[in-house]
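Scrolling down, you'll hit the structures one after another.
Two complexes are shown next, each including chain A; its partner changes from chain B in the first to chain C in the second.
== the complex of A and B ==
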């Protein structure tokens, strides 16, 4: 069972790094971004391209920084050239979603073309590969040999989410992002520029999603399809988070990861369920979530924290009445 | 007298008139006949001119090529594109060499390693009037296009579909590679020759994987071995969980070896997880041809695992063919790497398609199919003798034994043995 537990940790971190920025971008911009998968793919490939292009071993710090920067730039460009003009034209959420699908296909095949050209020019295979990183295989800790990559992914996830939490709660721009997410009209009346705030949000979303891609490259090989192949699970995590709550999105990542790595194994071993039922279970959890607790953001409702506050207020009122 | 003279003059005038009328009618018929003859001659001259023009003109034929440039087979798919380009270049050079005014143009489409896109590509080719198609690569894709190409009389040459379930007579599907019924026999013999009696076959849950596992089990049982099938869902990007289950099952069953029936990307992913499992690393590993050519196997971590577990695989290849060596060297010059699995079969598929079109004389599916059988009987290519059996599959298929080894400081695919007449011969 140890391997399954370790896999659960890996997947929880990877899905978390990919899903949390998806929730952040949706709750701020109201764009259900299907191009999110390509930010992941490009983030996964950046360390590979640096390593192959320069013929070097890439340090994890350089890999994370380069992936973040590239993901952020592409996401900002997506906003500046596609979403922002459409938002200004007061396009509907459905139009924005369809535009994101077009963007997804466009970036994906442009990236394929870039990889094909690089493969020919460098005469080295890059279509299904892994980055050459400066990371030892094992690290000795208190007499135990620990997988260095596992340690790195846990540290990376913790650091990313801590920084994100700090940024959103303690900085002016972060608070502006939250204000725009909660009530864009009110935020704009108070002098917050919606467009600039959205641009920063897209940068963070694309950058963190690209870090998610880098995290994937630590775990498995990367291909131009990497982001697409995990995007449905990532959407599932975000939907569990109501497409609003960042912490609950991470809880969603843990739930989907546990379903895919622990629940299916349990069912396989004790009830003889085929392992190929794994996607069925993940999406069964997703359907259950939608049916029992529809995503507040997608339904146009309030974020969870407001729901909890209103429940608390009702509770207080009842208590007062009784007193 | 004057009356007689008058009658004579009148008679002369009437006679002249009648004579003129008669002569003119005769002359006009003759003139009309002459005109018709001249017109006929003109039309014949123009027909001859057309024929001369046509003979002077180069006839251009398009051949559809559907390749997995993206998706699960992207790694080798991209390399196959180079093989296709080389084959068409050589085919057109051959046409020029034999003074044939024919030129073949490949229309290459990406099928994303999916059955739906493969069918869409075939439909596009059909709409463009294309009657010969190279590909698709995977058996599940060939299965998806089969009824469409049969109904529309489009000749398909797949260089890598090997599922025995697609060995069907009198259809429009040809495979320039032997079916897996033969390779399963070779792989079973290889495993047994290594002293392994009980294995788990970890295979793709698709047309290729299921059929291969079925044939392998039959052949391995016939040799006195025990084979346990364990399939995995091919729609995943990552197989960490499946490998964990494989590890648990191998302990539970007490097997001595693992046989993997995979494509390239899934196979590389499986080995990348298996290498972290010390128990799996202590067993012997075997593979079919599906993973051969994947660049991921040449990376330090997986290559070390391959050496540790002494992974051996089989693949359809006639090693002793001098044409193959020349082709491999030409490919290496172009790309810097060795040609991947099925390259020889793909190259020959293009050649056979071209020569079948020339032999047919008309660009029609039925005629090309008849010509293809004849051409293949007499063609000796990079993959050896190309003759088809009654199902349209390569009749004479040899197999080689491959592994990954350190050669001049870098890991490379190396053929270390061969299978012939039920016997495995391994080089020292």
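== the complex of A and C ==
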């Protein structure tokens, strides 16, 4: 059971690092970014490329900062070249979604092509590798031996989120971001430039997602499909947060990681459910969230009544007539 | 270098399948405004249903008792596939019907929780649905897991000559495509089509007029998903082997790019986009086949072009190549085309009369001092 608990903590941190920036970017720019998985993949690959390219052991600080910078630059570029012109043309949210989809597929396969070329040039396998990091395996802490990578992930997550919270609540730029998220017109009247604020937001969300990718590469092999493999769970976490709230998104990542690691093992042991039903559970949580707590305003949809409830109403009316 | 007829035989079925898919997506996106990012899920469901039913029926008919993914079953399928023409055809028709029903039902069920929330959540949920199904099928043993199914019996496997066999499959695919096209054209040029367009333009307004928007959307998703399931079944019979990894999310994007390139809200635009992208698909595989030692895999280039085209078209030509046209209703026939020419004629006659009037007034006014005010002239 200890293994599953440790796995839960691990996955919760990683999903949090990936899902919180997705929520932040949607909340601020109203673009549902399907290209988010690409930032994760690139963030996971940057330490690998540095280690292979220079033939060195990478220190964690260098790896994190390089990942952050690369993710931030790519996210800013995608804002500057795609989303910003489309927002200026007053495109609909669906159009922006399609554009982000095109961006996803373009960056992903461009990255595939780059990796293929590098693999041929360096003559070393690049697909399915892990970075060569300069950290010890175990750290003794208060008489206990703790996995150094686990400690690194936990400290990385807490540091990132406390910095993010400080940035969003205390600094001027962070407050501008929140103002733009709440009411773009009103914020622009007070003199905040929407375009520049969005650029900063994209930089942060891309960078943090890239750090999430680095955290993933600490315990698993990275491949160009890394980001796409976790996109389902990341979306589920963000939907639990309603695509609005950052803390609830992190709670959602804890929920998703515990269903994936604890609940499935429980079901497997006592009810005999196959382990292959794991993706079904995440999807089930997503559907349950939409059914129980429909995030009406955020997605831009109509708050229709659900059929169950309307059937209940009809039933009530019939009962009243008869009584 | 290569003979043109074999190229056409390999291109046309693929074109037919992709065209059916893009017509379905166009009905959802172009007409009803539903952003369906999980088209590949229904396509894959259709393919797997068709493969599973056809292989199971064949094996039970011939009395073999192997599980369908075992090598013995594949060898047995190779032996018995061409023996009984009537069984081949009837199994083909049965699996098309089953694929339609099951994929449609899946679409209807998915629509229930998702249609009441906004486009962003609809996109997330259906995309997740497709991805979840793929991951699940990879670990699901009864359909072969990650290796998928091999030896799906071709409907014309009993014809010995491969050229005639493939040509008849091609004709069948194109016939299905033409049927779907005629059905969709009738559908979108009916009052129902106008309701769909009103939902796309303003959901709240059409709800206020009294249209049951969630119900209409759910039914539309049933039909469109079912027909994409039929396309998946055709794909399974075309290739003869399917694996879960054929149904990645990128396939959805390819169909999206067809619809966007051709023009949303236009069935013929969807056909044009499908022909362009299926040609690109075939061309890259030929490039792969001819030059095996390229520095970069042409498939990557195909996907990069697909992604870049989506973004570029959305930025510079959002309506696509063939723009949307008004729906041909009875009223449009009376007041639209004919009425417009009549109005133009009357307008021009009125304008000439106006010119004449002003000229006369100008003449009279100059001599008598009466008439309308003319710019620049001063009167005492």
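By definition in this document, the second predicted complex is superposed on the first by the 295 of 323 C-alpha atoms of A that agree within 3 Å, B and C clash if a C-alpha of one lies under 4 Å from a C-alpha of the other, contacts with A are read in each partner's own complex, and residues count from 1 in each chain.
Just so we're on the same page, a contact is a pair of C-beta atoms (placed from the backbone, for glycine too) under 8 Å apart; a residue touches a chain by one contact, two chains touch by 3 or more.
Predicted model, so just to flag it, every value in this text is computed and none were measured.
After superposition onto chain A, the partners chain B and chain C occupy overlapping space and clash. Look at A:246: by the touch rule set out above, it reaches neither chain B nor chain C.
Of the two partners chain B and chain C, more residues of chain A are touched by C.
Legend: residue contacts after superposition of the two complexes on their common chain; A:91 is shown touching chain C, with no touch to chain B.
In the superposition on chain A, A:282 makes contact with chain C only, not with chain B. In the overlay built on the shared chain, the residue A:130 is in contact with chain B alone; chain C does not reach it. Shared-chain residue A:10: touches chain B; no touch with chain C. Residue contacts after overlaying the shared chain place A:112 against chain B and chain C alike.
In the overlay built on the shared chain, the residue A:101 is in contact with chain C alone; chain B does not reach it. Using the contact criterion defined above for the overlaid structures, shared-chain residue A:231 touches chain C, although it does not reach chain B.
After superposing the two complexes on chain A, the stretch of chain C that clashes with chain B is 241-249, out of 25-33, 241-249, 259-267 or 367-375.
In the superposition on chain A, the residues of chain A contacting both chain B and chain C are 112, 116, 274-276, 279. The part of chain B that touches chain A in the complex is made up of residues 69-71, 74-75, 78, 205, 231-233, 235-238, 240-242, 244-245, 247-248, 264-265, 268-269, 272-273, 276-277, 294-296, 299, 335-337.
The touching residues of chain A, counted against chain B in their complex, run 3-4, 7, 10-11, 112, 116, 119, 123, 125, 127-130, 147, 219-221, 223-226, 229-230, 260-261, 264-265, 268-269, 274-276, 278-279.
Interface of chain A with chain C (complex): residues 26, 32, 34, 82, 85-86, 89, 91, 93-95, 97-99, 101-110, 112-113, 116-117, 120, 228, 231-232, 235-236, 238-239, 243, 274-277, 279-280, 282-283, 286-287, 290-291, 294-296, 298-307. Only residues 29, 33, 35, 37, 112-125, 127-129, 131-132, 135-136, 139-140, 203-204, 207, 213-214, 249-250, 253, 256-257, 260, 295-297, 300-301, 303-304, 306-311, 314-315, 318 of chain C touch chain A when the two sit together in their complex.
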